[in-house]
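You will see subunit A twice below: alongside subunit B first, and alongside subunit C after that.
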Partner chain A sequence: MIEAILAGLTALLTPQALLFMLIGVVYGLVIGILPGLGGVVAMALLLPFTYGFETAATLALLLGAHIATIWGDSVTSILFSVPGSAKGLALCFDGYPMTKKGQAKRALAASATGALLGGIIGAIFLALCIPLIRPVILALGPSEYLMMALWGLTVIATFSEGSLMKGLTASVLGVLVAFIGMDVVTATPRFTFGSEFLMDGISFPVAMIGLFAVSEMMKLAIKGTPIVDRSLVKEESTVWQGVQDAFRHWWLVARSSLLGLWIGVLPGVGASVAGLAAYAQAVQTSKTPERFGKGAVEGVIAPDATMGANEGGGLMPTLAFGIPGGESMAILLVAFIGLGVVPGPDMLTKNLDLVFSMVWIIVIANIAVTVIGLGITPWLARLPSLQANLMVPIVLAVCFVGAYATRGHIEDVVVAAVFGIVGYLMDKYHYSRANFVIGMVLAVMIERNLHISLTLYGRDFLLERPIALAMLLFVLVTAALPFVRNWRRKRRQAAGAAAP
Partner chain B sequence: MKISRHAQENVASVLLLAFFAGVIVLCQDFGPRARMIPLPLAVFGIVLTLIQMAWHNFGSPEELQMDMISVQAPTIPAAETPAAPVKKPSRQGEAAAYGMIAVLLALTFAAGVMPAAFLFTAGYFMVTRYCSWRLSLVYAAVLTVSLYLLFVVALQMQPYHGLLAPLFQ
Partner chain C sequence: MKNKIENAVENEVEKTRRKLMFAGAMAPVVMSMPGRVFAQAGGGYYKDKVIIINVAGGASGGHTRFARLLQPYLQKHSGAREVRIVNMPGGGGLKAANHIWRVKPGSPEIFFGNVSTLLLAPLAGSPGAQSLDPVKFNYLGRVTSEPRVLCVGGKSAIKTIQDVQKLKRPFVYPSQGTDEDFYTMAVLGDALGFKVKAVTGYEGNADTSLAVIKGDGDGHITGWSESLGPIRSGDKNPILMVTSQPSPDYPQIPIATNIVPAAKRATVQAMATILETHRSYIGPPNMDPQAIAAFRAVVTAALSDPELLAESKKNERLVSPMDGVTQQKRITELAKSSASLAPILVAAVKDIQ
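Right, the complex of A and B next:
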């Protein structure tokens, strides 16, 4: 094993592999920052350039780009409350308030360092767990994935922005919007009104561009002042503070990383769920949850650590079984075919050095992203103080081009505009946009796994699947716990007030 | 005619009810499996909206203010951020924002994505008097060229040329 670890590292220490990784990281950062374009697009666009080069160099290019998009996504979420993709959504909740409080540098640095630590923890656990994870993955089926999605739904209560009814309504709307298009199970066109364009469904990145970017620019145009008015709020934080924060909250980083690793291992769950789940566990386990949503640095560190570790986890089923952990891993599988690499049990025996090359790529690419990220943070932190009249047309133009570029359909521009107006109205009347997006993310996963569970195990599938039943109990307990705590606290307060 | 915030909330709820009712009607055309989740969900949406409406009109607004964060920490301290005086969005401002989106959309359809980016940014800078018309054109041109290089040249996006393109061919 030691030999494989060293061979994996040696394969990366060629000029071609190092150059490819650097190109991938810089390219990934740019793509991540652009609205609508995430890791999947970054990797897909690189595929044609991957043939005919060293295997390690090709993987360094692809994985380096993919890893860099994670922090790129976080940047726009923190600075403008505009997530580049669904993964960055959880960063809006506390990253953006930190920016508004004049702590953009701290937030960006904490985000980069959290992602680095998460990435390293994920890579280490990937290396250690490869032989152990096979029976675990095989023990889980659609019923268990359904429970994972339901756990994601419990996050909704956290982001209701006041009224729980409105929060739930927003998530119901999100779920229903996600059902537009061809039903994945029965192939029935739903809510398409005969439109060919709608058969493909509403593109998730386009909806995000509209709900967050376009609506935020509408708000900014109406307000007429910068996101951060430097005459009122001075940028007083430093990059070093953010780095220290990530190390100070090491236990949160460790927990979030393991969560990210675990979610990454589960095929089809995805980093967007991981980020939201990490944020929810950070709130639920915090001694001072009242700081969340108002600029708590833990709300930035937890999702980034999770998403950093998620990549390591996602590699496990991809390498061990050829089952992609997510869309980006599916693209990696395509690259494997081009390189003549066959995923499966052989990867863990004959091609172990290649597996460790990927582990090293995750570590080195994360370090490169963090070094570059920390270096450019002081400049990035100035962006929110740009004048509204400069920001609005530029961001809107980029958003509309980005919406079109997502799938090359001009109708997507209309979708972005419509969702922009819907997002503005939702924000105005306090219907949580975050809940809407969470509903959209989880809808298809819930529906698909429910149908498969019913088909495989019948109506009493929970009784047939004890792990799923245990997970359901866990979901119910974690969802109910805060309410029980609150009830107890109120009872204690009432008893204290009644006492003479 | 000025509509109060209270009435606006009711209008929003009525629109939501209409949306959920529409979903229920459309679901009747689907098979049992295809409507297994959307149909009960739409009914749930109606129930939620009705509760929201009832609470909004007949109950205490404070009773609705509940989420997990507030449940875990009932006494939320005031925000520490020094904030600018809160200014309610004016009707004119909102109308201008909607108009801005409509103009950009119309330009995109008429002229294509890249020319629309140029025309919109240049026009916005000029209308808001952010800078002189010459500088506006320069800034817009720099942005458009950057977008073109990034999306069309580097990312190989096939640009949409717009409905007016045949006139110029």
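Right, the complex of A and C next:
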């Protein structure tokens, strides 16, 4: 195996491969920052230019671009509450409040370092776990995916501070919106009102652009002040603080990375769920969960570490079975065919050096993204202090172009505007927008996997799937943990007050 | 000395500016070269126009791969200024089909996707296809037709189609919804006398493939190329093909029409013929006859271009053309002869609802 690890690295140390990786990373950062465009678009646009080059260079270009989009997504989520794609959603919850508190540099640096550490930890564990990958993938199925989605749901309580009823109402609204379109089980149109556009459902990235970005710009336009008014809030944080934060929360980073790797290995679960699950895990294991949603740096580090590690995990079903785990992996599979690489069980035995080349690409691309990211953070952190009359038209224009670019439908621009108004009203009347999107992301995943589990294994499916049962117990324990901690703290405080 | 240097710099700047201006002026000429060098098919109807290809699938799907493979050759042989690919996923192809059904006369939009969806969805009474009449579309040429193959898991106890017939329980069929493979399975179950339990809700072929490899489901139907990798690695075992021609590489795999009872042969043959219509260019019902003839000629020219054939072979995306006129006739006949499929398809949809 050590030979394969070294051979994988050597293949990358050619001028062409290194240059291609650099091009991919810079290009991926730009694409990631643009709302509506993510890793899939980045890879799809590069694909026609990949034929005829070295295998390692081609993979460095594609994977480098894909990996760079992760931090690109995080940048706009943190600075403007504009999630570049579904992956960046969880970064809005605490990253944007940090920006508003004058901690943009710290948040951006923590995010970049978290993604780097996640990528490296994920790659190391991936390399160690290669012999286990096939059995793990074969052991997991719809019941286990269902449990992952349920775990994501538990985060709803975090955003329901003040009124659980309002929190649940927001989630139910999200679920209802997710059900618009063709029913995934019976192929029957739902809530489409005869509209051809609605048959394909409401695009999740478009809804997010509306709910978060457009509504925030509406608020800014009404208030007439920048996101961060430097006369009131000074940017006092530093890049170094953010880097230190990521290392100080090393245990959170390690847990989040392994979670990301795990979710990546499950085909069809997706990075948006990964971000939410990482956030849920950070909240539930925190001793001070009440800080989340108000600018807790752990809420930035955990999703980024998870998504950094997620990419390596996502490679595995593609390499081990020749079955792409998602759209970006399907594009990689097309590149494999062009390169004459045949994915399948042999990839994990006979072509191990190529697998390790990809693991190295993940590591090196993550390092490159972090170095570039930390370098440009001081400049990026100035953007939220732009005056509203400059910021609002620029961000709105980018948002609406992004909404259109998501699927190429002009109707999506209208959807983004409508969701902008909905988001503004929800924020004004304290209905959690985060809960809305959590309901939206997880609804179809729960519906799909619950239906398959019930059809395949019957009503007692948990008894037939011991891993799913163990995961359910884990979900229950982690969901109860904050409440138990809260109860203990109150009891201690009561005991302290009662003591003479 | 300083002035000399400044002058030299200014001269260089001026030279560079002139070069850029020249390059800018020449760019349109150079960019239009392919259209001028090659004789244009279709009498130059599409010369300098924009053609929009609405692909009935996502950016990473099989339809898009073929659409992108053909894109430069369509441009080369039509002389079009641009051949634009627009992805229109949704409803198993019905979203794009409905869109092209409704486009205004003179629109430059063409559908690219699976013809079988247009034929099967209305037969099954699918809610998204009620307004569509497959015969009224203009068929502009088939790009490829892959045989469909029924595979079981490599470690499954089921080794042959006869094993499926002998099962004392329904054959568990993981499915992503009511696509052509779902309908094909229903027809096979009816013809070969075994019960099918369709488990819908899977996200795509990757998902159903894993379900079959894991043993969550007994088997599923895919295009030949989609299952080739897992078949070669032993993760899947092919037990039946729904096609007219046996596979040259796997001649031992039985052909559905050869093993079904005589009374059911016509039904299965109708299904196989529908599946063979596969990935094609389709124009809207109100398309200008001149445009129809021109686009058919362009597709035929593109599909016989030696460069395209070499590229398709290299990338394992083999083409199997059928010209638009033949295809139009074939679809009209199919629409009449496939009425016998309707009750089976309607029952299959009812089962999952």
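Going forward, the second predicted complex is superposed on the first by the 481 of 500 C-alpha atoms of A that agree within 3 Å, B and C clash if a C-alpha of one lies under 4 Å from a C-alpha of the other, contacts with A are read in each partner's own complex, and residues count from 1 in each chain.
To be clear about the criterion, contacts are C-beta pairs under 8 Å (C-beta built on N, C-alpha and C of every residue); 3 or more make two chains touch, one makes a residue touch a chain.
The structure displayed is predicted, hence computed values, not measured ones.
In the superposed pair of complexes, A:Ala44 makes contact with subunit C only, with no contact to subunit B.
When both complexes are overlaid on chain A, the residue A:Gly408 reaches subunit B and subunit C alike. With both complexes superposed, B is the one of subunit B and subunit C in contact with more subunit A residues.
Judged by the touch definition given at the top, the superposed model places A:Gly181 against subunit C, while subunit B stays out of reach.
In the superposed pair of complexes, A:Arg448 makes contact with subunit C only, with no contact to subunit B. In the superposition on chain A, A:Glu311 makes contact with neither subunit B nor subunit C. Of the two partner chains placed by the overlay, neither subunit B nor subunit C lies in contact with A:Asp73. Residue contacts after overlaying the shared chain place A:Tyr429 against subunit B, while subunit C stays out of touching range. When both complexes are overlaid on chain A, the residue A:Val398 reaches subunit B alone and has no touch with subunit C. Of the two partner chains, subunit B is the only one that A:Pro97 touches; subunit C does not reach it.
When the two complexes are superposed on chain A, the residues of subunit A that touch both subunit B and subunit C are 41, 185-186, 188, 408, 447, 451.
Against subunit B, the residues of subunit A that register as touching in their complex are 30, 34, 37, 41, 45, 97, 100-101, 157-169, 172-173, 175-176, 179, 183, 185-186, 188, 190-191, 214, 218-219, 221-225, 229, 232-233, 283-284, 288-290, 292-295, 387, 389-390, 392-394, 396-398, 400-402, 404-405, 408, 410, 413-414, 417, 420-421, 424-425, 428-429, 431, 443, 446-447, 450-451, 482-483, 485-486, 489-490. On the side of subunit B, the complex with subunit A involves touching residues 8-9, 12, 16, 19-20, 23, 26, 30-31, 33-34, 36-38, 41-42, 44-45, 48-49, 51-52, 55, 64-77, 79-84, 87, 89-90, 93-94, 96-98, 100-102, 104-105, 108-109, 113-114, 116-117, 120-121, 124-125, 128, 130, 143-144, 147, 150-151, 155-158, 160. Across the complex, subunit C is touched by residues 40-41, 44, 48, 137-138, 141-142, 181-182, 184-189, 196, 199-201, 267-268, 317, 321-325, 327-328, 330-331, 334, 337-338, 342-346, 407-408, 447-449, 451-452, 455-456 of subunit A.
Residues 58-61, 65, 68, 86-87, 89-92, 94-95, 98-99, 102, 126-128, 172, 174, 177-178, 197, 199-203, 206-207, 209-211, 213-214, 216-217, 229-230, 232-235, 314-316, 349, 352-353 of subunit C touch subunit A in their complex.
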